[in-house]
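Contents: one structure, followed by commentary.
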Amino acid sequence: MQRIFLITTGGTIEKVYSEQRGVVENRAAKLERYMRMLRLPDADIHTIHLMNKDSLEMTDADRAEVRDCVAKLLPEGAPVVISHGTDTMVETGLFLEAALPGLKVPVILTGAMTPLGFEGSDALQNLTESLLAARLLSAGVYVVMHGQVFPVGQVRKDKDKATFVWK
Amino acid sequence: MQRIFLITTGGTIEKVYSEQRGVVENRAAKLERYMRMLRLPDADIHTIHLMNKDSLEMTDADRAEVRDCVAKLLPEGAPVVISHGTDTMVETGLFLEAALPGLKVPVILTGAMTPLGFEGSDALQNLTESLLAARLLSAGVYVVMHGQVFPVGQVRKDKDKATFVWK
Amino acid sequence: MQRIFLITTGGTIEKVYSEQRGVVENRAAKLERYMRMLRLPDADIHTIHLMNKDSLEMTDADRAEVRDCVAKLLPEGAPVVISHGTDTMVETGLFLEAALPGLKVPVILTGAMTPLGFEGSDALQNLTESLLAARLLSAGVYVVMHGQVFPVGQVRKDKDKATFVWK
Amino acid sequence: MQRIFLITTGGTIEKVYSEQRGVVENRAAKLERYMRMLRLPDADIHTIHLMNKDSLEMTDADRAEVRDCVAKLLPEGAPVVISHGTDTMVETGLFLEAALPGLKVPVILTGAMTPLGFEGSDALQNLTESLLAARLLSAGVYVVMHGQVFPVGQVRKDKDKATFVWK
């Protein structure tokens, strides 16, 4: 069994449509419901719902909380996947890379351009890729999205193309 | 072959998620793409994309346009289904009922609480029901949603329950 | 609340794919799981899992069982929808029509060409249509499929077109 | 751009449901239709529809054809993903490993327990994983399924568990 930690922080990937308000919003964690669509017989996934925020609203205090959460898990020696809004995903990744020197496992940030369960969503693809990358990558902080693997220092979001590209 | 007219006016049913802006919005007509998921071998459906508006933004001029569109189709003697935002669906229906006396076909308003293609959407169900009701109902103006058939004078939206109920 | 009885008998609509055997087969009732995808706030649906058979294997004894089940429900005065394999759906319908004279409610047979949950399935459409038709049709035995409503004496399956047509 | 070759050979992953015959069968290639659901902006995927066979019916001549196809692509220096029936996937993989010494790219076999587009299918997950693994794995022949990566010499299908396990 391969243990993998999955920390959820919100972002587009977990947004839901509110019938009362007619908007998409971060409300309750929905990631686990979709995780059940994946077959991972050899993975022992521990999910931690840390927060549920649009990443544009993430503060320094929120990032410190993510860092503390990861730091506490590192002694377990298992890879960490973090679902995160795309707008500040790189910022959080760079912060983690600076704050957690000497990493011995991969820490992977992922997310989605369109929420889980919406037509054309890339969310389940990105989750699938991140969980596989967690087994294959060496230590370091990465962004995994759209079939691509980027060390966090070499990536930027391309808003017009709605994806991530080499910096 | 049963001819049915389908007029689209926008509303939640046709909303799409914008990856650039992170909101749901009425942009391009998407209803026909989903209509292809239905098997209607004996129906000859003529779709008219009249407008694509959130129904809260519908003006008197917009309603007059809907009325004129329906009035022009009536001589064909075929039932009319109108997809419409739920917030002012009843208002438009009452306006049509008053403006089009002596109807000889059913005119059916339908829509959705959650857009076509979003998880848990009721849109395809409501479309399916409306197209069947178009064959079975007598002349008059109706709201068809959630397995229910209401003459437009006897229905109101129940926002808390996210459905329509008898008035 | 509109009470509707839903009797399931098997057929393609409820077939599942067996990963061990690589075939589709009638095993456990799966219709209720998909019914939860429909919003029917004003319907009180009583589901009876009578049998789960490929309709080509239905015997006279099976049809007698369906008849007895319907006969027992009729005094309740509520419409009855029967999910059934398409190959002998008309045969069962004609048998019920002959066996149950003086019907006071609609008895609707429906099914699917492709099982619930398989790509391109017509199953949820047919169920949606049948449940709405149950509210709108007068007494009699009908086949409801693909946006069409047929009195059972006037319909036949067209295998090449994979639908039902007027006889 | 990362070039990846994708050879399709049939198997459960590409089976379709025949409405006329009521069975699942290998007929036309359907994999590319589902590939369009994935976002792979940095991948240049060349798909080769080599055959469409249930893997239980694969002959030595078929395996030689797969080998010849891979051998012809190897000089391009790009990873190769092969979609294949699960029953003889390991057999084909071992054959390729013996026939293609000195590999300089990963050759990845994948498939599915339930066809693409059927409820609960693992097919898109396995494809997603294989395309990511194609970028990350070193040279060799592998089976990639269900979040797992196996060198082909160390894997067997576990039919009861409907997955692959270490040998």
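Observations on the structure shown:
As written, the chain order gives the labels A, B, C and D, with residue 1 at the start of each chain.
In this text, contacts are C-beta pairs under 8 Å (C-beta built on N, C-alpha and C of every residue); 3 or more make two chains touch, one makes a residue touch a chain.
It should be emphasised that the depicted structure is a prediction, and the values quoted were computed from it without experimental measurement.
Contact with subunit A and subunit D alike is made by no chain in this entry.
Chain centres here are C-alpha means, and the one lying farthest from subunit B is D. Here the CA centre of subunit A is 45 Å from the CA centre of subunit C. For this pair, subunit B with subunit C, the centres built from the Cα atoms lie 28 Å apart.
Averaging Cα coordinates per chain places subunit C and subunit D 39 Å apart. Multi-chain contact residues of subunit C, defined as those touching 2 or more other chains: 113, 120. In summary, the structure contains touching chain pairs A-B, A-D, B-C, C-D.
Those residues of subunit A lying in contact with subunit B across their complex are 12, 17, 19-20, 22-24, 54, 113-120, 159-160, 162.
Of all the residues in subunit B, the ones that touch subunit C in their complex are 37-43, 113, 120, 122, 124-125, 128-129, 131-133, 135-137, 144, 146-149, 161, 163.
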